[in-house]
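After this come two complexes, each holding chain A, first together with chain B and then together with chain C.
What follows is the complex of A and B.
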């Protein structure tokens, strides 16, 4: 697997690159000695959640070639569906094992993933597919998805109101880690679930026929079609994976923040796009790396500047990437 | 019944019409070259045959079946593979995965074919785990041919397989094409290196401004002074 990953990167194991990597590690160590470790850890967990959103966003961009602005609101939609299921459908439960939430979340999450996938496929059938067939400019499709984003958020507000909500929870003590790092037990769940989903996605993309067909379609749609790949089916798979990951990201964000509100996904859109661009548009592993970098950078920045500017950090990273290396960190020339 | 019959095809992109009634015929096992100046519609002809461009008029039939308005993903199942001039590999996929995509529609065991293709292109076999995006222009062209072969095609449509290659690579590509043909695969070739291509071909078509100008045996086209002056560089 390591060999395959290094093959995906535009880097070779040359002496120069080894030296550069060494310097980078030194730089990171130097930064770590100044930076509060707790902020780095916070950033990694936030980055993991961002990654689930960003991977879906980058896959959708790779296949459908438009910026899916409603992706953040898919997250919100997922978070609220879980809120509904926990509050009104499933038995009330809290404090499962070390976590604040109850066992019901484990039932609600897969159901919600399915619901958000259904939403995405219905939207594609009703809107995006029609626009594709008419060969509409992708900017128009992106603007349409902005409309979908606003409509979806409106729907959330109509159903659940505009206030802040919480999943049923039971307070639990934090874990004490070395170097003065304290983390809420729920974050173990966040980290583990993200890891499982990313590994599953990696297996899907590299081992299955549909996964390879997705990557091929993302590389070159026409060549995919003349190879016999049914690209409309690839589109549906892309929506399904993107929506399932977005739903999970939304729920994990609600767990992470210990609250949910109608603009939670919308507010995270800039960091998502920053992660996608930093990691090279269309590259899911790049999106993962980009999201972790953005997450850590945003959290660490709060050591010196007010937390209100966190989204601005992501925005700044996005602008700098576009200016210095528009292909992103993992861009490959065609 | 000919293997491929293109009959009075009118096609283009959007409002722009590029082919104004082109007809060609290809028999089983033949190599046929289409030559003509830039913009004469050679590439559009190949794209129309393979379904990427929908013709407004005319007919395309393959082995007696009408494939005129079929989608590319269905046409490939008939055994037609198309190798575009550029962007003809999947750059972020490994060489091996590119070949697997070439066999995408095959439901049988294609491992013997894979071994055969690697035997024909030993350079690719050595680097099978590398990303195709890292290959040089000539190697990409080889991979594009190899990808096409994975289908075990009846007909290969090759759009300028030697464009932009060093002379040594050109010879090597043409040699592979001859070998492929010797296994019974019919080949429709569009070439800038018209002289070299016509030498391999049983017949050739001259296309100009989206219309048939001439059809003749490859050798006769080479010896035709008019053709030599206009299309073969003197």
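What follows is the complex of A and C.
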């Protein structure tokens, strides 16, 4: 298992890397002794949600080669479709087990994932595929996805209005963890679901034919095509995985902050891209690591800086990454 | 050749639309509504000119126009606003009060405009220096980040920009010259003069050898680098020039509305709509950029008075997004499109594709 992981990461087990990793661990330990544990835990959960968005974004970035600006709005749509299903379609339910939400969420979530996946594939067929065939510059495709992002968010506002909404919920006591950490019970759900999805994705990417084809396409599209990989199918799978993860991330974000609003996805776009760049574009494990780092950094920063600047922390990390190591933590020169 | 024989329905349609909307606005809001429309469209045209330098000529993807908009507007506002008045519970610490100090012939106005442009140019230098050597779309993400950071800065640092209360004592340029009810006409002339100066400047710069290098970079970076041009340096200069123009646009806005607060510069009205204007008008063509500003702003303000859901701002929001996607898919050149020729001196050979 370890060998597999080190093989996937473009990091060699050289003396220099081991020393660097050791220093990093020491730095983390030193920080942990100063930082409030509660903030670190908050950051890890926020980072887990960011990771679901960032993994999809980095796959799209790696395989389709453009910055998918509508990714945050896929998240918003996920959150709102669940809101619609819970409020108007499925039976009203709250307080399932230890959670604030009801069992309906477990039915609504897969339906929502399917709906957002369908949206992504329809958008690809209607828009992005045509542009790919025309062989336009990838920046123009990114530009188009900005238009899609605007339209998607506008539609949310047309349908549900611009205000803040909530899933049906029943207040539950917080869990008391050691070291003075308190977490809402819903976060257990967030952590567990993220873990399951990331492990499933890892299995998919390493064990299945399609997963391997996706990694090959991400490495070198032309080479993948001439070795007989159906790149259009790879593209569809990329959208499917990216959209399903984004929809889940949106729902979990709505659960995490106990509210949803139309700009929630747009606001999270900078942390998402920061995580993708920090973890090297196209590398899903890097995106996971980047998202956790950014989640923790943003939360921990509030110990010293006013929380109002939390959104700018991700941007600052991104600028520092671009200055020091523009290929990201796990990047190699090509 | 077919394109030459076929009448250009898109241009005709756009012009009809503008004239129709102008007539409608005139009938609806009187001359005042029309002047107001023209002032805002003119200010937006300044932004589309700046964005055209970025996107249309160099292919730089800037989605943080709101950041430069806000920086320009706040710079001009802070330079010219009187110092804070304790009686009015103002939190900001510095007001440049240029309007009093440089009151002679109202010289403070061009100074404020240039200073706003310079500040934006400096920020562009910083951002561009970091991102322009790297993948093309890093710039987009960085500009998105700077727009949000600028907003957060002016919202939270109350000593700087008075926080969410905003700045509301921004002086009038040549305010003593005409009566307040006729002031809009005067300001329209000011906006048009600035717009014409910028238009001529950008046209000259783009038609120069420098501008041709930018277009070459947009078309093929590697070839341009291979012919000995420093691609990074040219991109950086273009990014700074475009940001400078956007800063001037922000300053023009501040002295028109004479109120700025952080919520003024939301992504829709300060970034997205400017993209829609440039794409529709025709990126790579300065006349197209200006035309796009007038058309889209006409549609935006004109549809306010339409009945039912058509006037719903959220519905119009969707339309802005669809407009961008639709133009790229159906008419990538926009209404006017770019005149593709190597140089103004060389006529394209007869029979060649336009």
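Quick notes on this structure:
What we mean here is this: the second predicted complex is superposed on the first by the 323 of 334 C-alpha atoms of A that agree within 3 Å, B and C clash if a C-alpha of one lies under 4 Å from a C-alpha of the other, contacts with A are read in each partner's own complex, and residues count from 1 in each chain.
Simple rule for what comes next: a residue touches a chain if its C-beta (ideal position, glycine included) is under 8 Å from a C-beta of that chain, and two chains touch if they have at least 3 such contacts.
Because the structure is a prediction, the values reported are computed rather than measured.
After superposition on chain A, the partners chain B and chain C are seen to fit next to each other with no clash. Vertex at the C-alpha centre of chain A, arms toward the centres of chain B and chain C: the angle is 90 degrees, rounded to a multiple of 10. Once the two complexes are overlaid on the shared chain, A:167 sits clear of chain B and of chain C alike.
A simple residue count on chain A separates chain B from chain C, and the partner touching more is C. In the superposition on chain A, A:99 makes contact with neither chain B nor chain C. By the touch criterion defined above, A:187 reaches neither chain B nor chain C.
Of the two partner chains placed by superposition, A:77 touches none, neither chain B nor chain C.
Look at A:66: by the touch rule set out above, it reaches chain C but stays clear of chain B.
Of the two partner chains placed around the shared chain by superposition, chain C is the only one that A:142 touches, whereas chain B remains out of contact. Taking every C-alpha of chain B against every C-alpha of chain C after the fit on chain A, the minimum distance is 13 Å. For the contact definition in use here, the chain B contact set and the chain C contact set of chain A share no residue.
Residue ranges of chain B in contact with chain A, taken from their complex: 50-52, 71-73, 75-77, 81-82, 84, 87-94, 97, 100-102, 104-105, 129-131, 133, 147. Put simply, chain A touches chain C in their complex at residues 66-67, 69, 127, 130-131, 136-140, 142-144, 146-155, 157-158, 161-162, 266, 269-270, 273-274, 277, 281, 306, 308-309, 311-312, 314-315, 318-319, 322-323, 326. Residues 55, 59, 61, 63, 130-131, 133-138, 140-142, 144-146, 148-149, 152, 155-156, 267-268, 272, 275, 309, 312, 314-315, 317-325, 328-329, 332 of chain C touch chain A in their complex. Put simply, chain A touches chain B in their complex at residues 3-4, 7-8, 209, 212-213, 215-216, 218-220, 222-231, 283, 332-334.
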